[in-house]
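Below are two complexes that have chain A in common, paired first with chain B and then with chain C.
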Partner chain A sequence: MGRRRHLADAAGALPEAIAALSRSLPAGPSPEIFRRAKFDRPEAAPALWRLLFRVLSLLRADRASASRAPEAQARWVKAALRAQGYPRLGLARLPEDGSQGSRELLLALAWLLAREPLPERLLAQTRVRLGDEMPVCECGALASPGQPAPRVDTAGPVDVRRLQWLMGKLRFRWRNLMASQQEQCALLGKIHAYTRGCHGDRSLGHLSVAETELLRDPEGGRQLLQRLESENARLEAALEWRRRELVFWQWMDTVLGACPPEASQPTFPPRLRGRGRRAGAWGPVAWELQALQEELQAAVGARRAAWAARVGGQGPEWSAARQAAQEAVGRELAALRQAWARGGGRAQPHRPHRLVRTEAGGPGGPGLRAAEVIGVLRSREACLEEMLCQLQEQCRQQLARLAGALPGLIWIPPPRR
Partner chain B sequence: MSIVTVQLGQCGNQIGFEVFDALFSDSHCPQGLCSKRENEAYQASCKERFFSEEEHGVPIARAVLVDMEPKVINQTLSKAAQSGRWKYGQHSCFCQKQGSGNNWAYGYSVHGPRHEESIMNLIQKEVEKCDSLSGFFIIMSMAGGTGSGLGAFITRNLQDQYSNSLKMNHIIWPYGTGEVIVQNYNSILTLSHLYRSSDALLVHENDALHKICAKLMNIKQISFRDINQVLAHQLGSVFQPTYSEEGSSHYRRNPLGDLLENLVPHPEFKMLGVRNIPQMSEHSLAYSTFTWAGLLKHLRQMLISNAKMEEGIDWQVRPPLSGAPTLGKMSANKNLHFNTSLANLVILRGKEVHSADLGGFKDPALYTSWLEPDNAFNMWKTQRAFNKYEKSAALVSNSQFLVKPLDMIVGKAWNMFASKAYIHQYTKFGIEEEDFLDSFTLLEQVVASYRNL
Partner chain C sequence: MEFRKLKELPVQVVIKQKLDDRPIVRNNRLGCSRRLVAELQDALDTCAERQRQLEQSLRVSRRLLRAWEPAETPTPEPTPGPETNEEAPSPACTPSPQDLKELELLTQALQKAVHVRKGISKAGKRDNASSLKSGSIATSATTAAAPHWASQTKLPRGTRQATRPAKGLPKPRLLSAGDQTCAGRGPLAAKPGPGLRDPQKAPSAAPQAPEAFTLKEKGTLLQLPMAFRKAASQNSCLWAQLSSTQTSDSMDATTSSKTQFLQKMQVTSGWPSSRLSAAEVEAEVGRLQKACSLLRLRMEEELTRDPKDWMQEYRGLLTLEGLQAIVGQCLHRLRELQAEESGKEVPGCHPRRPHSTVLTEVVEQQLGPWPEERPPMASLPCGGGADPTWSPQLLLYSSKQELQTLAALRLRVDMLDQQIHLEKVLMAELLPLVSMQEPLGAPQLALCRAVHSLLCEGGQRFLTILRDEPAD
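The block that comes next holds the complex of A and B.
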């Protein structure tokens, strides 16, 4: 009796778990789609392609528009998964017209879910922002290099004037950007000053731009409320998913079991918050990693020996140059260490912060002080300026050397500012 | 975003007044040919850029007036106040009791440093009134004494103090048969100094404006006021608001920035010329209609043949055949008169502006070999008509427009310099022969660069 109820409960728990997962993701399909995917039914494939596209493009902060044709979406999904290191060949072999392969897609989704807390991360990225946000670090900008620039064929010689033109354009854009940012700061300052005392939260004290708009435009307020409500719903779904997910993973084992064996059968990477069942999978993976490391060390050792043999035969000026290079590296390393120590040595927080204006001299709230952030930025600016001057000097010397090598060429350097 | 104007000398102050007047009149013109809401947006955009608000009272021009004599400044201030529609700030002007005798060196080395602090303070006050500063627009003559020497000094100061802000100098090119004997010296010194510290030099030639007044406006007795009004009309058609993008309904926030980014990014090519079509007396305007095709055809030929106005255009000048080698370009006789462009900006204002076809300006043959039309050609537009012209088109061009005049001035100055005529007037105040030589070198380089396009 107990066992039957347990089974019945389990039977009910799975659809609810999947439904929660689906509600917490953007473009989540119905649990029925998941069930059909286990049996590799073709009608489930398009919904799963769409889901994967949506999830991956959000993860990569890629503005790939939804108006891409399904084939293009499928191709993009394959490339994105490959870039993340997805191991199964079955996915790469799927046709892109969305006609089959729902089980492979389901496995890919589960792989993504296992690697990191996906619903939470997606929610964090698309969360509704009420305050005036200010980024405090450049990690985001540095990590996602954006679109690769279209490669220009430089088969022929490039006119240097064109390069100067483009550099100049870049400089002007930068200056215009600076002017726009100053304008934004001035206007933000005005709004913050004018709305002092209006905010319910005493620690904030004044309204942000979004909040001011809310008051001015009731229609906008309604839309904001809708967005907050849907965000809430997704948060609740994510919490429910966390409570119920074990039964999903048990079911995924059966899905994997239903697959025909692949040539190289990879194991699922163990979840970092490993619970019981999955802990045993550490073993083979760790063994693989160790083997890889030994192989790399051997290769590196061989290369080093070969290089040493090659340069060993060079004369004394080589060892002098080498010494100079080592000293330069050492100096740079010391400078970097110094700069890091100057910056307080503590890790800078990464997420954007809400901008809050306080009375001068008054007690500040929690969070960063603008003065501190400015100080850190100034020291970094000084470092970069130093580096820039060094590099410019090197360029100048190199140009002078090149010009000196050509007879009959008169070198007129541009006037220094 | 706001532009702060610095009006220097007699020339700068008289022109500045006409410019602000033209901008204000146009933005309050009832015949805008657009909806009321759009007109209000246009007005607001123009006002934010060039005027500041006071509690009650008329808008105040964002300008600083500088001159060594009080006469012209007082006239300018009273003319503006009399109109009752806008005015200059009470404390926005700086003047002294004495002139500078058309001596560039005196303006640069004596007046400049002596009055640097006061003038820069005035400018600083004006900048602080802006929510956001787009840049500076400095109006001056090239060949006079006060305007040119002091102007060069102030521009250099602006470069030092506001290094990130944009600067455009509006320069009046003197009459060929000039009034001042050392005007060529003054001109080359001004140009070379400005080339180093300014971002762009927008040039208006007195000769060209005079012809426009005579031939197109049919004015019998041409005064400086007439010339300045034509000039102001041309500048207004460049700086009044335009849509920010194709199909957008918002006005461009930073026209100065966009203009500079598109036309003068290369440090060796900073000389800009303006052409405007149609230009006629108000009386004739009532009887004329235009088509975009006709206007643009004329404008294009004005660009190619370096014509200053829409009458007397040389229609024989053609662009070189595409694919012809550079040598071929120079050997054909008619192509010697062909004006190669580096970059062009066409601004269209008026009825049915979306139907205007600008294909003619996108012809690669018009441009130098190392820039293609995608990069080199830009277009701004708005439906709102300008200054009662149902349709009007302006062209701001970075091209070989000014090579010949520049070469001529450099040549004349060099001839005088070779015999050391009048040099003592400059060396007396700290401008040495070496400064002259530096100026000649720089300008020869500019001429050569433009010739090699």
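The block that comes next holds the complex of A and C.
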């Protein structure tokens, strides 16, 4: 009796778990679709294609893909999954018109869910922001590390004057940006000051722009409230999913079992890449590492020579000290390696902070002080300026060398500011 | 030295074109600078996007600081009488007789405060502090005493009719109180009385006096609607719960079943499992990039340090050698990744791989499945708060200047990052170009001058080239 009840409970728990999952995802299909997908029913396929597309495009923050046709969406989904390392070939073989393959799509969805907390991540990306926020993190928001979309508009050679013009345009845009930013800060400061004491939450103390806007514009406020409430619903669904998901994984095992095993093809390299696609991306990193290596070689060589000349009388305490030094340096370098290791450096504040205006002398509550952040930014600025100057100096020297090779010319550098 | 006019020499530079496209230079033109233009264009687009977002926020903020349209005033006022009594939006709204009595006492106290303040200000002391204090007392009392009529104004109820008369209510009291500066505060404190006791009377008794609402004068009177506050607090509560389940994710059964599932997926699939996905390769290249800059920083630090004794000198030497070893390892890893990408043979991996690329292509045709199109890797979704365990963190500032400094520094750091990146790209593309020049014609010199300004002066200043010829 108990066993039957347990089974009945289990039978009820699965649809609920799937329903919770569905509610927590954007464009989540009904549990019935999932059930049909287990039996590879064709009618379940389109909904799953749409879901995968929505989820993946949100994950990759790819805004441009929203308006594609279903076939294009299916292709995009395949490519995106492959790029993430999806192991099964079966997905690749599915027709793109959405007529079949729901079981394979279900497996793909489960694969994404197993790798990372998907509902939470999606919710975090589309989170309703109530405060005025400023990112406080290390990654440069504007620098694109080597991956510009290759534009093939100028197929022919480019005039250097065009480059100069583009650089000037960029400088101008920066100045504009700076001016607008200053104005925005001034306005924010005013709004925060004028709405002192209005917020229910004592630690915040004043309203943000979004909150003031909702008071000014009731219609907009209602929309904001709706968004908040739907986010709350999704959050609750995500919590419920977390509680119940074990049942889902047990069920997915059966789904995987129901699939016929794939013919393995170990001998052929599955990579499909255009040749030279990554030529641009490898270049800078390799170039920099090589330059660094050369510099280090020179430095080490010089120091070794100096050290060899220096090393005179060595007593018994010398080897002990040497050992200690080696260990210390080894530890230091190991710590340095941690800084770029996989998953390392997560402790840094990597999130936008809500701006809160406080009185200058007050002790304040929990939170980051602007003065500290300013200090950190100043040192970073100095560091980057130093780096830029060094690069420019390098260029100057190299060009001077070339100039020296051309006789009969005088090169007058511009006056330094 | 005489400035001679440089003769116009027709120059033709012909360079043999190799398979990997070498730059061709004719006059001022740089062949194969697609990458440069693409990078610059990308930088321009990022700036434009950021400007667009800033301007949107500016529009909103400016609008908030102007006088608000009458139809859009905040509604911390009761809705028109009959509606209020019929709808009774929430049980907390209907005031009990106990509450009413307390409110009466409170409003009497507040009215007394108003009189006191009036006396003080009439005595000629325009003391902002005291007015603020009494104002804040008034406001806090108001907020404490009347949360319910704030909730009555659950966003829009078509309260336009009500807002104007209710807002107009302060006006006559305003004038009678004779206190110009703290205009809104005193009368508002007196309002709960008529507002609640005679809900019918309040709207009809009020004259239609359109006084515009400005944030500057009356910002502290605002109050967020109850529904919103509830939703917001529930929101932060749910997020906190979610992040706590994240951190306590050592739920063995679920985690182990997930790992098992992933393993089974891998095992039953057709791919060899040791390949890295494109995403992982990207991530690794990014890490190597970061490693490079950190290593360089460390090297600079070590080189500028002045050793005081032999121990420090020895340690410096060891550090540099250690750095050299690490750089070597990074380069090796990079080469491995590169080789794997292009399908070449790397010693120690996949011994059974066919060598010829022709066969590979044939096989690709057969497999056919994976589409060629590779979705562009979005840059780190940093600003999006992608960390699921995000709980709201505060950044406290104390003055407009501080905020402006902070924002300006952030922008400057981003700009420098971008400049350094562009500088490296320029160096990689332009230096090889210039070093190949032999003839000394005017166009070549103009090119050199342009390249120098781009590389060394950020395109802002130019050097001068003079031809040094003896005067005849």
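Odds and ends about this structure:
Keep in mind that, in the parts below, the second predicted complex is superposed on the first by the 299 of 417 C-alpha atoms of A that agree within 3 Å, B and C clash if a C-alpha of one lies under 4 Å from a C-alpha of the other, contacts with A are read in each partner's own complex, and residues count from 1 in each chain.
As a convention for this text, a contact is a pair of C-beta atoms (placed from the backbone, for glycine too) under 8 Å apart; a residue touches a chain by one contact, two chains touch by 3 or more.
Every value quoted in this text rests on a predicted model; they were computed, and no experiment measured them.
With both structures placed on the common chain, the touch criterion links A:169 to chain B and to chain C. Of the two partner chains, chain B and chain C are each touched by A:159. Contacts of A:182 after superposition: both chain B and chain C are touched.
When the two complexes are superposed, the chain touching more residues of chain A, out of chain B and chain C, is C. Comparing the two complexes, residues 159, 161-162, 164, 166-169, 171, 173, 176, 178, 180, 182-183, 186-187, 190, 415 of chain A contact chain B in one case and chain C in the other. Residues 1, 131-135, 164-166, 196, 253-254, 257-258, 260-262, 264-268, 369-371, 375 of chain B are the ones that touch chain A when the two sit in their complex.
Those residues of chain A that touch chain B in the complex are listed here as 159, 161-162, 164-169, 171-173, 175-176, 178-180, 182-183, 186-187, 190, 415.
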